[in-house]
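Input: structures, listed below.
In the two assemblies presented below, chain A is common to both, partnered first by chain B and then by chain C.
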Partner chain A sequence: MFDQITMPRNLILAMAGAIALLYASPGQAQQAAEVQLTYSNSQFQPSEVRAPADRPVVFRVRNLDAKAMEFESKSLRVEKVIAAKSEGVINVRALKPGRYEFYDDFNDKVRGALTVQ
Partner chain B sequence: MRAPKLFGRHHTSLPCALASLLCLTGAAHADDASTWLEIETKYIFGFTTGSGIGIEGEKEFTVDTIGRFGKRDGHYAATETKYEYEFTPSQFVQIEFGALGSTHNIGAVTDLDGRNAAGFAGGFAEFRYLAVERTSNNPLSVTLAFEPNVRLIDETTGERVHNYEFETTVNADLEVLKNRLYAGFNLLYEPEVTWTAIDETVREATFGGSAALSLRIVPNVLVGGEVWYLRHYDSPTLSAFTGDAVMLGPTLYVQFTSKMFMTAAWNAQVWGREVGNSLPLNLTEFQRHRARLKFAWEF
Partner chain C sequence: MLAAIIIVFREVFEAGLIVGIVLAVTGGVPHRNRWIGGGVLAGVLAACLVAAFAGALSQLFEGMGQELFNAAILGVAVIMLTSHNVWMARHGKEIASDMRAVGRAVAEGDKPLAALAIVVGVAVLREGSEVALFLYGVAASDGGSALSLLIGGLVGLLLGAGVCLLTYFGLMRIPARALFATTTALITLLAAGMAAQAVAFLERANWLTSLDTVVWDSAWLLSETSIAGRALHTLIGYTDQPTQMQLLVYIAVILATIVLMRLTGQERSGHAVATG
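This part shows the complex of A and B:
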């Protein structure tokens, strides 16, 4: 009876641990660096931002325009639709030094970049 | 007076292809690639898979058909189509799963029963983990992929079977020129076991690798070529070698919109050998030609 109860529980714990490992990135235990951006008149302000290396990054993007935008980046591997007159929060893993471009996927001429040092 | 022929009828394709590539390269240089958006590399190399895993939260539905054509004699055409759902739950992991459909049109091929059939062929899942990520300071990206497949119809013969395959690949790519030229490399190990309708158990494995180049000629179109070297064994431990082959061919990738693309590739077997058979090419384990056509919709 004991085995019948504990074995599934152990299995569930092992599966939960495996899933947690899958979703975890090495930097998630560290404090995130915050990057604040505004989006107005179809432009990112500022369009060039900086963050420290090897720390997770949190983008807070305030869309001041009257239409939705989609914050997207292939190299950051994130995307988020941000409704008009609202704020979106985008969590990014700890990054290695380099330049990471982002853009509005609804108007891809609107670009910006994050420099990680 | 007719101009002298520089090349015979059967030798014009290579110079034409080289001239076309040079023209495309010239056209590509006329544009400024630094203003282009970065591109997802997973599907730009044809049969060779790039390292891309998509972006977190992205979902995609794809229809991916691979056709295999030509054996030693008779006529042989077989296709397998993946109806695939893929999603990226984190910035390091991509998961895919779906159903398989197959068709077989076989007639007068030695050692294969004639067949003209189509049907549900099984299912698959794929787990991809991004092990090395590209940055502006590091052009190399590497993903490890594991793909278990369960088939109810044999890929080659079209017979009813129970087949379990565990495809393991290393997908690497290199951004040779920023936003312009990419090189892709795959390493493949594919053990499988099959139980046939007459209760035979067949254990085998395919091992090999590929190299590919893909040139972005305009922001939404890439053209290139790839070469595969594949070895077949009658054992999952790679101890009973039965033959090998080299496949070579062009690739094409077209991004129709930011959420929709297609990839196409064609490979011809240009060299091959079978253990115990002196005839050229390996047409027992492989085929004369293979083609791939894939359409994807992101949402």
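This part shows the complex of A and C:
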């Protein structure tokens, strides 16, 4: 009975491992553009940022407040909780030109935008 | 206060759906309340722990600790759900003939219950850590608004429990015979959806970069952030912009489940003929 139950589980593990090995590729082929933001007193600083088009973007958001915030954007398809007094790194894939809004999901009055051009 | 209700409810919603399904799956199984209750409790405790160390967790793996942690626990849940389905396939005959037999069959070993308790724990952990962080932030901030936000949070939690009960009683209305097929399908899709979510986390962490082209965008039809979109996201893994890899893994989990269930089902019937 034990063998019967462990067999499929091992199979799944092996499959997951194989998939991970096949496709995991460390590093990004294209150099990402970095966008630095701070979050303090419930405000993004700066609240308007820019990035070049067709290149991956990395957000580095430093939360200086004493409580956690959640960096979220529907158009960028990201959401990440950033604990109090810490920095969050958010990867975004290459973007088309346009304006992408982001906000604090724990307090959605706090907004900012990324302009890609 | 309304904002707090919405934030907390949104997080508890998914866990509520999953706990409701697991309760329905284990209907009539002895000791199930102890296992599932234990799973919820462990999930809450783990969520508080994760929330307390959220800052440290984020810093791991070059800032991708959160994403990789989420992918890993989703992976655990996928394996647990799949092994549950495989286990049930072996006992499918008893289930089809007599619902009470399931109780006896499951009582043979606590393995499937433990697997489902882990699934419940993982669901509560994932959603709970955000709720804990949010409520902690509220409690830490000064002013009279804190109390009303806390009350809002509590109402959100209760609404989540309501979702759990609705799911459970909804599923329990299905006749026993059809319930097995329904829950098997539900759990398979739940597992496939979780696997696709795990892929999304690995993609965000840049650990998975191949086949990351978005296949379609159905946000105009059903946004992932609407309530219906969220429910479908939890239940069947609906995403309005899936990548090729997400689709591939989604289909692979469904196929793997079918194949494994067939294999163990045959094993079982072969065994039954030999001994009976």
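Just so we're on the same page, the second predicted complex is superposed on the first by the 89 of 117 C-alpha atoms of A that agree within 3 Å, B and C clash if a C-alpha of one lies under 4 Å from a C-alpha of the other, contacts with A are read in each partner's own complex, and residues count from 1 in each chain.
Basically, a residue touches a chain if its C-beta (ideal position, glycine included) is under 8 Å from a C-beta of that chain, and two chains touch if they have at least 3 such contacts.
On a predicted model such as this, the values are computed, not experimentally measured, just so you know.
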Touched partner set for A:S73, first chain B, second chain C, both or neither: first
First, second, both or neither for A:I82, with chain B first and chain C second: second
Chain A residues touched - chain C or chain B, whichever exceeds: C
Which superposed partner A:D105 touches (first chain B, second chain C, both, neither): both
Contacts of A:K96 with chain B and chain C, given as first, second, both or neither: first
Set of chain A residues, in rising order, touched by both chain B and chain C: 23, 25, 74, 77-78, 80, 93, 105, 108
Chain C - residues contacting chain A, complex: 3, 7, 51, 54-55, 58-59, 62-64, 66-67, 75, 78-79, 82-83, 86-87, 90, 109, 111, 129-130, 133-134, 136-138, 140-141, 202, 204-212, 225, 241, 245, 249, 252, 256, 260, 263-264, 267
Residue ranges of chain B touching chain A (in the complex, touch as defined): 37-40, 53-58, 88-93, 133-138, 258
Chain B contact footprint on chain A (complex, rising order): 22-23, 25, 72-80, 92-93, 95-101, 103, 105, 108
Touch list for chain A against partner chain C, complex: 1, 4-5, 8-9, 11-13, 15-16, 19, 23-29, 66-70, 74, 77-78, 80-91, 93, 105-108
